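Just so it is clear, A, B and C label the chains in written order, and each chain counts residues from 1 on its own.
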Amino acid sequence: MEFSLNQVAKLINGEVEGDGEVRVNNVGKIEEAGPGQISFLANEKYEPMVYETKASAVIVSKDFKPKKEIKAALIRVKDPYMGFTDLLSEVDRLMSLSKVGIEEPSKMGQKVTHGDGLYLGAFSYLGDNVKLGKNVKIYPQVYIGDNCQIGDNTILFPGVKIYKNCIVGSYCTFHGGVIIGSDGFGFAPQENGTYKKIPQIGNVIVEDHVEIGANTTIDCATMGSTVIKKGVKIDNLVMIAHNVELGDDTVIAGQTGIAGSTRVGKNVVMAGQVGLVGHINIPDKTTIASKSGVSNTIKEAGTTVFGYPAMEINDYKRAFVGFRRLPSLLDRVRELEQKVINLAPAEGK
Amino acid sequence: MEFSLNQVAKLINGEVEGDGEVRVNNVGKIEEAGPGQISFLANEKYEPMVYETKASAVIVSKDFKPKKEIKAALIRVKDPYMGFTDLLSEVDRLMSLSKVGIEEPSKMGQKVTHGDGLYLGAFSYLGDNVKLGKNVKIYPQVYIGDNCQIGDNTILFPGVKIYKNCIVGSYCTFHGGVIIGSDGFGFAPQENGTYKKIPQIGNVIVEDHVEIGANTTIDCATMGSTVIKKGVKIDNLVMIAHNVELGDDTVIAGQTGIAGSTRVGKNVVMAGQVGLVGHINIPDKTTIASKSGVSNTIKEAGTTVFGYPAMEINDYKRAFVGFRRLPSLLDRVRELEQKVINLAPAEGK
Amino acid sequence: MEFSLNQVAKLINGEVEGDGEVRVNNVGKIEEAGPGQISFLANEKYEPMVYETKASAVIVSKDFKPKKEIKAALIRVKDPYMGFTDLLSEVDRLMSLSKVGIEEPSKMGQKVTHGDGLYLGAFSYLGDNVKLGKNVKIYPQVYIGDNCQIGDNTILFPGVKIYKNCIVGSYCTFHGGVIIGSDGFGFAPQENGTYKKIPQIGNVIVEDHVEIGANTTIDCATMGSTVIKKGVKIDNLVMIAHNVELGDDTVIAGQTGIAGSTRVGKNVVMAGQVGLVGHINIPDKTTIASKSGVSNTIKEAGTTVFGYPAMEINDYKRAFVGFRRLPSLLDRVRELEQKVINLAPAEGK
């Protein structure tokens, strides 16, 4: 994909200083970029490089005053870093939209419907009655079970598997190996020590603007729906169990696990390798530090917890200071015990 | 799939009260179900809803005495909740059995054999000498390596990968993305700081009635077999290393990891995110609380352990009470030290 | 694959004692092996079995002096265990090299190039401009995005997915379900509580002799490269985030996670379920015990750390001894407090 600087300036709301017809087809760091590439100058520390860069163009601040001649063309914007990432987003979006068409062999079940701009990669499988919105991009080796719905502009990367009856919103991105709608882990213990499967007949509903990282798994509900609300961002290798509900714009880092039927509020942040037991509530704006284990409902919104069992973060940190000092504390108590014995009036005197 | 109430009653050993020819094709919660759906009443709290439900039929207790007129037909059973889940299981079973046939393109190696009722989804791959039992259901994009055996009525969901030479029993269910038989993690350190791979030439044996959750991985043995005995239930994203042996009816929750050559007994329960080091023994009926790390053999059957390094659960909880109190304990010891200094007879007097 | 004992002896630098034309096609434990199999005797404890084994041949030490007649042929080597594993490695290598050819249906994009000895399994997908070295073995259902490069003798097991622009070295092995190059987890919080994706336009570079376990995920860099240097060994279900760098011959056990931009030195060893926060440095030869959480840069090379937050391992163990004794410590402090009260001169006297 190639753009003229005039086109770039339009995409990021900037002004060209130099030849607007110069064409760029890639980006690069200011110290590494070469001809055909565009870079940016956001940190003054890098200013000397703007005079030496071989990039064809550099995105700079509206207020930037060069101290020497610059060979590269400039695009002036309010915030060069934001301008640069906006450009990347825009290019990403255009490139992802550029994949269109149905590759063979792929498989469409009966009564599949889809909007314009579909990309269906080879070896992908759509079950019966699947409904796809506009501009859905399905990479190779994806599986979508019967009766699923996928909203507009959603991207499913290679190897995503979505079980039957699940509903996915618009502008979602699921990365490679994501599994949506696998059975919840429900087994009833029998008298003879074996377990009997509790049928898992619910589904998963993923609302709009949700991103899910590679090899993450989200189980279907036992009955009803496991619900991932709009704007949720989930990292890789996360496990969301049956009947969990995640509120709007909640963010979950890698390898975190949430057990069945737990409800998580809005704008919650979980760091990596966190564990939540089942059937608890996490209120809005809770922050959970990495590796914490939360085994009880948290009552107050906006708190930060840490440790396992998780406590208010400052309480945990203070207790941990004590933990580090335990060897010397044991010594001090032993010494005190000796002193107290020595202080005591000798018996039998 | 549609059933008459007479058929449903027969499936769950119940008696119809009302029109046995009414047909249902779905289930629902009593407060949400509509025409064509069947629901159940197990909890008296929901009794008022049975008089208002739009469901076509409701499964109720043999002893239930309605206080008002009920529009829905009734199916009377001993235990309505069990009756309902039995119905779901039965429908699940019938539906899974209903998928039959070989979709194209799929690939069968040389000398593959299979029983009646095979479903082989598109883009699935069977290596040479694979032996499939009766009613095996292989969803799309599954891989089964050379010389594998799969027992009767086993279901492999989309994207399951089974390496060569593995043996899977009957009535097993493997969810999307499960990997069976990948190489164990064995490398011999060399004098120059590099590692040399120890060949992993064993296999995995999975006995009957085993369920394995999405994206779980089970490595093959270095030599011999990694063994998952009958009735074991494993959740998502679990890691079972080479040469591990899991006893009958052991249950393992999400994101737990078991290192090489560890032997786990029967009816063990592991909660989520547990870790077991290699080469230890876990006796029958051990319970391991979530996030625990077990680094030594547990000697007594039937104990519950917690923490890392794991301790008997009540010992751990008592110690954790102390942990929370560490900041105040430090204060108290400081105070004691001061008091003892004050009590001591002034030196040199 | 079948070998004469003369061929085996040549592969492992040994000498045949008996009929060098006897043929073997499999290996086995000395107590279980039968005709056509080759075994080894490394531990004197098993010597009695060498006189009874039904194996066709046994690898023994140069110095081994039989006390009775042995029916099996012998192959004498310096170290029988090493000889045996060398044999296994060699057979593994030959068998993996024996898979050659392009199975249909598979998909090659435009301008794909490859060396001799390619195996491309059915349902695998190569994007445009993919460059494959010699003897690359791509199992079924693998995805390789546009512009990727894969070096000589690298094996990709079923279901591996590699996103566009990634570079993989020679003699690498990626197991089933590995995801390379998925987007890093980068989102900028917006004033209204939502998150805006930070485009992830970098790639992953994996150097030579790297092995990656099943369902492990390695994200691409935000810009630049996530780098896995030569000789690194990674176990299953590990998560390597964007812009991480792993030094030569570092070893990482299962379910460990490393957050963004962290740099790990050479010959580091991480046990299972370890977590590293982002933006820290781990020096060469650090050892990190299982389940540890490292939240700060480690300064000295060659240390071993444990716990969370991780401490020098002996400090942690000493503190944990104190933790176990906390219930009794609390009792002792209570008792001391009482004694000190009793010792204090009564007020008002």
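Just so it is clear, a residue touches a chain if its C-beta (ideal position, glycine included) is under 8 Å from a C-beta of that chain, and two chains touch if they have at least 3 such contacts.
What you are looking at is a predicted structure, and each value in this text was computed from that prediction instead of being measured.
Peer 1: Should the pattern of chain-chain touching be classed as line, ring, star, complete or other?
Peer 2: Topology of the interface graph: complete, with all chain pairs in contact.
Peer 1: How would the chain A/chain C interface be labelled, same or different, where same requires over half of its residue numbers to be shared?
Peer 2: different
Peer 1: Roughly how far apart in rotation are chain A and chain B when fitted on CA atoms, stated in degrees to the nearest 5?
Peer 2: Rotation angle, to the nearest 5: 120 degrees.
Peer 1: Please compute the C-alpha centroid of chain A, do the same for chain C, then give the distance between them in whole Å.
Peer 2: Each chain's C-alpha centroid was found; their separation is 26 Å.
Peer 1: Counting only residues that touch at least two other chains, what does the list for chain C look like?
Peer 2: 105, 123, 141, 159, 177, 215, 237, 255, 273, 323, 326, 329, 333, 336, 340, 343
Peer 1: Of all residues in chain B, which touch chain C in the complex?
Peer 2: Chain B reaches chain C through residues 105, 107, 123, 125, 141, 143, 145, 159, 161, 163, 177, 179, 182-183, 185, 187-188, 193-199, 201, 215, 217, 219, 223-224, 237, 239, 241, 255, 257, 259, 273, 275, 277, 293, 295, 308-309, 311, 315, 318-319, 321-323, 325-326, 329, 332-333, 336, 339-340, 343.
Peer 1: State the interface residues of chain A toward chain C in the complex, per the touch definition above.
Peer 2: 27, 29, 85, 88-89, 91-92, 103, 105, 121-123, 139-141, 157-159, 173, 175-177, 209, 211, 213-215, 231, 233, 235-237, 248-249, 251, 253-255, 266-267, 272-273, 290-291, 320, 323-327, 329-330, 333, 336-337, 340, 343-344
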